[in-house]
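What follows are several structures.
Each of the two complexes below includes chain A, the first together with chain B, the second together with chain C.
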Partner chain A sequence: MIKQEYKTLVKKNLPKENRLRNSFVAFFIGGLMGVLAQLLTDLYSYLFEITVTQATTFAIVTLIFLGCLLTGLGFFDKMVHFARAGLIIPIAGFAHSMMSATLEYKKEGLVTGIGANMFKLAGTVIVYGVVSAFFFGLLNYIIFGG
Partner chain B sequence: MVYFYAFLFCGLVCLIGQLILDNTKLTPGHVTSLFVVVGALLEFFSIYDKILIYAGAGASVPITSFGHSLCHAALLRAKEEGIMGLFMGMFDLTCSGITAAIVFSFFLSLIFKPKS
Partner chain C sequence: MTLKFENAYVKDTDVIVGKLEKEGPLKHYFDKYYEDGYCGSKTWEQAESKMAFETINNLVERNKVDLLFGGDLLNQITASSFAASKVNIPFLGIYNACATSTEGILLASSLVDKKIVNNVLVNVTSHNNAAEKQFRYPVEYGGPKPNSATFTVTGSAGIVITNKKTDIKIDAATIGEVVDYGIKDAYQMGAVMAPACAKTIYNHLKALNRDLSYYDLVLSGDLGECGKRILKELMKKEYKINLKNYNDCGTMIYNIKTQSVYSGGSGPACAPLVTYTYILEEMKKKNLKKVLIVATGALLSTTTVNQHETIPAIAHAISLEAI
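Our next item is the complex of A and B:
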């Protein structure tokens, strides 16, 4: 009986997450990230007169640098709290997960802290990326003969 | 026009991620892993290359493009060098991103102190 009351009380007092607002913000911020990347690509290919592929690489490296820098300065956590998936899914979120793991374990030393824990959060992306890419690549190679 | 498609595609991927986060108990780690696998799957059906033509950099920013690049690079190398190319070429396209993330987060973590 008391357990039941407690459960309803908790349910009533939990902050209600506005899913519509979350979705809209994630869509908008995520879209802005895409536009920013495209802007940087156009800017680099115009400024340095390089091919689009090289400019895209430059733009992604810039976004990764920004993600690391803002995480180090402490802004990115607040931004992720606001935008959620809008900043987790783009490549800056990948940089954020690496940088925050590195910062968190920094006090344990250079090797056992930074070196061992850098991929603590981002490692799962690389593992499943490589495994699935190998599987689908092998399948493609066998079916279409390379 | 490419800006509009970049906004639309990148926004839609983030929207799907947010919907999964809100309506299931999966963590952001699960969602990013799932999206990487989806990217590799889209590459298997050669869909992602078509999206890249329309959305440009907007399609190479979400984490799905990571799975696409891994699979694409491995297949390109496999066409040249046979089955061993899958092992040799896996990181050909994504090495810049991974290297940048490692180098920047190493040096910046030496400078900054953890907040909180």
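Our next item is the complex of A and C:
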């Protein structure tokens, strides 16, 4: 059997992914995360009488803390298993990717373990985040004059 | 290449499993298990090594063992090496990924058959979390996987092969060829390994001039639900063999519908955990007389997968007979 023919055979037999369900769950949970962040921002801004920009930072820090805490307690992986991109993409998911790597490698030492592996998953996001920020900044400058 | 044995028998076996395997359909066959993934150790790697040591040690205490074969999935097969360092027995480390168990049995049978040594212990182990850490994401990340993925079993399985007659004979073995059908996705292990499995089954039957009906049961190692379907179709199209009386250990060790294991179990310990318990038990009861075990292995590393190389696969077959 030639390779191309085999690939067709494989494709036919692969189990179906429930993309509609996955997309809906991710959309819904991701949206809820947005609502939570907005609520926190409003709450902080009201409670501490600070600007919305400052309150946003506080809200982000809270979500990062919650993400790390739930990872440490062993819940976040099960939540990701259910919500998928709905939890991976928001900031708490980013914190989760760092925290889970940290937990995994803490037995291998502070430098060779945690230090070297903390950004194992998050590193990609940072690298391409910075690269795209540079290019979008450049476009912004060229088109709108900064 | 197919080898015929006259003096190779199964003397004793010992298995230990993790929590999920103990909750599976074969729970009554697994007496020893660990509730906790760490098995009382500090790391996943130590946990795997501990399980390997326990099955090796139990078998060494019950039997005279001249030589030990051991293998696992961890880099440089350290789980087996650490376990072997605690027993004073000559050790040979072997690796054919998830086909390591049958590789070890056929090597051991060749040695005992010619009376080069009398009793050989073959031990293989795998640990879900240690494998996840090495091959995929950190365990706590819980990254989503496609439904075609397989789930590495947690457990250790040892078998003692001897040249003194017992009720289970190792009748023959077929050494597989490495097969590469160009699949690159490490989440499609069933598809990667099915061609190797098909080729080994065909070569085995041809070399011994046997028909598939000679066997009461043909078992593949860890193709999973999706690999099973692919194998059946491939056997029919490529080799004109209608695969009946067939099952896959990866789909027997877990309840695919209720346990969250995607397409089924995988890992070096998957095939032997099912074979050494349920299958041998059925053979001793004479419910099964002749069984062909075809453990399948995907010969990849994280580096080759990241470099977009294809994944070669292998399968070795062992023919067991109840006497």
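The definition used in the following text is that the second predicted complex is superposed on the first by the 120 of 146 C-alpha atoms of A that agree within 3 Å, B and C clash if a C-alpha of one lies under 4 Å from a C-alpha of the other, contacts with A are read in each partner's own complex, and residues count from 1 in each chain.
By our rule, contacts are C-beta pairs under 8 Å (C-beta built on N, C-alpha and C of every residue); 3 or more make two chains touch, one makes a residue touch a chain.
Note that this is a predicted model, so its numbers are computed, not measured.
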Q: Between chain B and chain C, point out the one touching more chain A residues.
A: B
Q. Given the touch rule stated above, what does A:His81 touch, chain B (first), chain C (second), both, or neither?
A. second
(Q) On the A-aligned overlay, A:Ala133 touches which partner chain: chain B = first, chain C = second, or both, or neither? (A) first
Q: Identify the partner contact of A:Ala122: answer first if only chain B is touched, second if only chain C is, both if each is, neither if none is.
A: first
Q: Check the residue A:Leu70 against both partner chains and state whether it touches chain B (first), chain C (second), both, or neither.
A: neither
Q) Is A:Val10 contacted by the first partner chain B, the second partner chain C, both or neither? A) second
Q) Touching chain B and also chain C: which chain A residues? A) 17, 74, 77, 84, 88, 99, 103-104, 107, 121
Q: Would you pull the chain B residues touching chain A in the complex into a rising list?
A: 2-3, 6-15, 17-19, 21-23, 28-29, 31-33, 35-37, 39-41, 43-44, 55-63, 65-67, 70-71, 74-75, 78-79, 82-83, 86, 90, 96-98, 100-102, 104-106, 108-109, 111-116
Q: Flag every residue of chain A that touches chain C in the complex, lowest number first.
A: 1, 3, 6-7, 9-10, 12-17, 71, 74, 76-78, 80-81, 84, 88, 96-97, 99-101, 103-105, 107, 120-121
Q: Using the touch rule from the top, collect the residues of chain C that touch chain A in their complex.
A: 42-43, 133, 137-144, 146-148, 181-183, 188, 191, 195, 225-226, 229-230, 233-234, 237-238, 260, 263
Q | Contact footprint of chain B on chain A as seen in their complex | A | 17, 19, 22-23, 26-35, 37-41, 52, 56-57, 59-61, 63-65, 68-69, 72-74, 77, 84-86, 88-91, 93-95, 98-99, 102-104, 106-107, 114, 118, 121-122, 124-130, 132-141, 146
